[in-house]
Structures are given as structure tokens and as C-alpha cells.
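Just below sit the structures, each encoded as C-alpha cells.
Okay, so chain A shows up in both of these, paired with chain B first and chain C after.
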Partner chain A sequence: MGPETLSVIKIKEILVVTLPSDPDDSTVAALQEKVLVEMERHQAKGVVLDVSAVETLDSFFARTVTETAQMIGVMGGRTIVVGMRPAVAITTTQIGLALGSIETALTVDRALDRVMLASSTTLESFQ
Partner chain B sequence: MANGKQASVTTPVPRVPTGEAELLQLLIDNVTDYAITMLDPKGIVITWSSGGERLKGWKADEIIGQHFSRFYPPEDVAKGKTDHELRVAAQNGRLEDEGWRVRKDGSRFWANVVLTCLRTNNGEIRGFGKITRDLSERREAEEKIRKQTQEILEMAAVPVVQVWEGIVLVPLIGTLDSQRTQQLMERVLNRVTETNSPVALLDITGVPSIDTQTAQHLIETTAAVRLLGAEVILTGVRPAIAQTLVHLGIDLSSVTTRSSLSAGLRMALEALKLRVVPAPVGA
Partner chain C sequence: MSTDAEGELAIETEGDIVATRHTVREVALALGFGITDVTRIVTAASELARNVYKYGGGGIVRWRRLGSRERSGIELQFIDQGPGIPDISKALEAGYSTGQGLGLGLPAARRLMDELEIRSDPGQGTCVTLTKWRAH
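And now, the complex of A and B:
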């Protein structure tokens, strides 16, 4: 599984990133790079990280995701992790991986709604 | 039982008993719940009874003279179980065992076996008495009951119900031990994903007490649910529970809590941007 399996799709002003089922360290490292570049290029409002296919999550992954979310935050966007599997969530909490502060959503739909709602209210307040 | 030949009579023909040995043989043949067999000091079968034939399928002439390892599954024989049993029986006077035994046709049954060492007055081993009882039915019945109980317990232990579109409720009753909270975590997480519910209400009204470990489990469950993209609201925190939590120094600040289920439900509806309003008069 190489970095080329990462898919980044732009929907309106949001980037949707889908991760493969068993991302190795180079894929995870490439994720940060690729997302930040795309973020700048599209002036995106947020990044939706779809992890619904991911079956194993390690500390490197957790740290990179948290870091990336902070970087996106600095660039003025928000990050939402979507669709984590119950088994992955259980392991993550039980071995105490630090993902605590990250924003999450059940589905991509809900995440998109949330980001779009937030950006549309900003616009309305100007009218 | 004076000798093997006499004791190996297999058909219980009702006769007028004449001697003690014959009476004894009648007993051995007519007892239906047990198979009573004699082994020589090396474990060779020297007597057989109709009880044995009914239970294990061999006729007297087929089994007398054979080693009693014929009654054991191959894996037990390979482990040297038969020799071990004779040794223990000789040492302690008796040995009781419950386990799988094999019939003539190869099928297995669950048996209770008692081996008794038979010694002469001067301590010399004459052989072993072996009483075998078929416990298959009892075992099956026990197994069935155990399985049903387990299923009922699992179902009742952690019911997860969807009370509204987007809200699941977990009414917890009874003490929460580690095994149950592990189940709780798995079921809540799976249901939240299946029903796509952003809010899970965990009601602990029916939980008599909470200790540090239970609280830790609840905190973990909350964190795991949050990773899925949903929220947990802990409801039914009674005064006694609130006191215990504070006295034990348990920090529940990472968990949203409410004293009653209705307060929790109201909060859940608000989170979903729903509001319950009275129906207009006359409608």
C-alpha cells in the first residue's frame, strides 16, 4: 500500500481524504504533505478524513492525524475524522492513543453538513 | 465373582438365585444406569455385564481379554491417561474421573468413571473395579441451560434501544463488572454505527453503586463513542452516586452527565436541533 492510494477529492470548499485499510508509515506521512498542499491550492474551509476502511491504527498514525489537524487549524481550516470503526475506536481508547481533541462525525454526509452550515452562517451574518 | 468366566454371563435371565456370587451378578447385569466391569492389575478386562454391553456396545467375548484403553479416545490413550488412572487408583485406593469415553462403534459419550483398587488382605492388588455411568444426557441438558442462560444474560446485560431517530438509549441495571462494561462498550459502539446515531444516552438509574474501575470504563466508552463521531450523555446520576463519585475523586468532567433520563433526552434532542412543543389547542 503506497502513498498513491490516498485519494483527495474536493467537494465545494471541502477536501475529502479517504485512507486505505492498512495505511503504512509512508502513506501516513504522505497524507500530511498532500493534504496541506491541496488545502493551500483550493483555499479549502475544511478537511474530512474518512477512516471507515482503516482496520488498524497505531501511535504514529494517531500523532500524525492530530498534528495535521493542528496544521490545518493554523491554516484556517477544520478537520473532521469520519467513520471510525467500533473495533478501532475501542483499541484506540484502551491503549490510550491521543486522539481526544479531534473533531469527529459518524458519516461524511454529517461532516459536510457541519462544515457547510458553519460557513454559510458566516456569510448570512454579513447580509 | 469368583472367576472371570462365571462373571461374564451377559443375558440377565430371571432365575432363582442360589448363591451370593450369583446374586451379585444379577445385580451387576440388571443395574441399568451403570456398567460394572472388573479389570486385572494390568488393566485387562476380565468381566463384562449387560450394563456394559448396553452402554458401550461390545459383547462379552469381544471385550474380555482386551485392555481397558479401548474405552478411551485415542488422544487420551496417547497421553497415557489409562496407565495414570491405574497408578492413581492403586495409590489412593480409588479414582474418579469425568470425561469422554468411546463406544464400540466409535461414538463418544460423556461418562463418570470410578476405579476402585481391589486388594487382598495382605495388600496384593487383585485388580480394579470399574463403574461407568453415562452422563451424556445430563451434560447435554446442562450445556443447553448454560447456553440459554448465557444468551439471556448477554441480551439483558446490555440492551441498546433506539428511542428516536439519531438517539440510542442504554438502560443499565445491576452491578457493572469489567466483562459487562467491555460488552457494553462493543454493543454501544456497534449500535451507534449501525443506526447512525449522533447521541447515546447511558442511563445508570438502575446501577446500585459505582467504583473507580466502573467509572473508568464509562469514561473509556465515552471517549470511544466520541471517536466515532457521536456523544454520550450519562443520565440517572442519583445523589448517592454523585456523592460516591466525588468522594472517590473520580473526574467525570470529560463526560456529559444529567441527573435524570428526561433531562438527558431533552439535551439529546437539543443536540439534534429538535424541540418538543405542545400541540396547538384544538388540533
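And now, the complex of A and C:
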């Protein structure tokens, strides 16, 4: 995967989106639309945003991630941000970026388990 | 890895914001900063490089190693000939911005670095100097 490439794969009804390590602003801005279009195309229930490669999450990038999560919510989906590096978590928290409202998980596996468990529980409750 | 004591980069395109992050990361790592401080320094540099590009009409970043027997550090200067900042104390408040951003750049940089100095005159451009000292 190139340094600027956004990878989107579908696992069951969930999109796993892997963010590049050091994208320019255009790539970050394009992320929003691409994720929403893919969500509609795949009728996905949720999006797992893997930020484990991301080395710098400045205010522009963080705001885009937060907005994307809100947009996915408006479309009826769930967003889980996973794999944030400790140094990135420290830095974004220190500058007061509002990532606190976003659901997070430590790894992609855990995020998938959570979404799949939630959808199976929902199914059972309707039976 | 660069071992120069100082250097300069143009910030004229969006790609130069990425180049600023790369260069500042290399310099900070070479100076022996830990990964958390490197991330803080690179994040602050990214905010200010974007300000220079978006609001200053382009400019330069100058980096310099600071060192004495007692301590070492990094100094970053972001210089543009843009419209300048009319009210510096307001610009340092989170949420204030005259541009399309959310005005987080300067307050973020101030929180992440040890020192921040702004010189700006309306119509004369802006020079922001950031300093981070290495903990020994």
C-alpha cells in the first residue's frame, strides 16, 4: 500500500478502512466522500477506521475523522476508530481535539467482534 | 538521516506540508527526542505549515538545533508575507479563526511546544517561532 492510499475492504457487513500513515490534505478530504460512497454501495452496517499507521493526527485530520464518523451516523452506520498509537492519542488529547465522542477499540479484531456481536444480539431480540 | 544544524524548506504547495512533517520528524529524531515528543513537534509543525500555506499565501519553515552543555532542543520558524494576524491574543484562543479552519492551529502548537512567539503586523506577514527542549 502506498503512503497516500486509502484501503477499503468489506468483512461481512462491515467496511474496514485503513488510513495511510502520512496523507496530504487532499487525500484526507477525499477520505470522507470515498467512505460514504462505499458504505452506500456495500449497504454496510458500520465502518472500522484503522488509524494504526497514522503518525500525525493534526487538527485538520482529526476534524475530518470526527466529521466522517458523524456522517456515517447520519447514514445509519456505526463507526469504530481502532489502533491509535499511544503518542498520537497523547498528542490529540493534549490539544483538546474532540475525538472523545467517537467509539474506539484497540484492534480491528475487537472492533469487528463488537459490531458482529451487536448485530447478532439485535437479531435474537427480534426472534 | 539529516545531521545539519539548520535548514530551510519552502511551503508553497499542499505537498510541502507533508514535506515539512517529514523533515521535522527526521530532525527531531536525530536530536534524540522520544516518540511522544517527536509526535508533538511534528503535529505542531503540521498545524503551522498549513497556516502558512492556507492563510499566509505560502512562505518558509526554518529549523535549527539548539544546544548548550545543559540542554538541547529544536527551534522552528514559520515565516510568511501574508495579511498578518490583526489580534494575536485572539488567534491564540481555540475557536478563533479568520479562515476556513476552526482556529485550532496556533493554540494547538502552543500546548504542544515549550515556547511560542508570534511577530505579526497587518500587511507585513507573520513569523511564528516554536521551541521544544529535550528532557534529560
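Everything that follows uses one rule, which is that the second predicted complex is superposed on the first by the 123 of 127 C-alpha atoms of A that agree within 3 Å, B and C clash if a C-alpha of one lies under 4 Å from a C-alpha of the other, contacts with A are read in each partner's own complex, and residues count from 1 in each chain.
Throughout what follows, a contact is a pair of C-beta atoms (placed from the backbone, for glycine too) under 8 Å apart; a residue touches a chain by one contact, two chains touch by 3 or more.
Keep in mind it's a predicted model, so treat the numbers as computed, not measured.
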Room on chain A for both chain B and chain C (clash or fit):
fit
Chain B versus chain C as contact partner of A:Ser26, first or second or both or neither
second
In the superposed arrangement, does A:Ser59 touch chain B (first), chain C (second), both or neither?
second
Draw lines from the C-alpha centre of chain A to the C-alpha centres of chain B and chain C: what angle do they form, to the nearest 10°?
40
In the overlay, answer first, second, both or neither for which of chain B and chain C A:Gln94 touches.
both
Considering only touches as defined above, state whether A:Val82 meets chain B (first), chain C (second), both or neither.
first
In the superposition on the shared chain, how near does any CA atom of chain B get to one of chain C? Answer in angstrom.
8
Doubly contacted residues of chain A, that is, touched by chain B and again by chain C:
85-86, 88, 90, 94
In the complex formed with chain A, which residues of chain C make contact?
14-15, 17-18, 21-22, 25, 35-36, 38-40, 42-43, 46-47, 50, 94, 101-102, 104-105, 107-108, 111-112
Residue set of chain B touching chain A in the complex reads 185-186, 189-190, 192-193, 196-198, 220, 223-230
With touch defined as at the start, can you tell me which chain A residues reach chain C in the complex?
22-26, 55-60, 63, 85-88, 90-91, 94-97
Mind pulling up the chain A residues that touch chain B in the complex?
80-86, 88-90, 92-94, 99-100, 104-107, 110-111
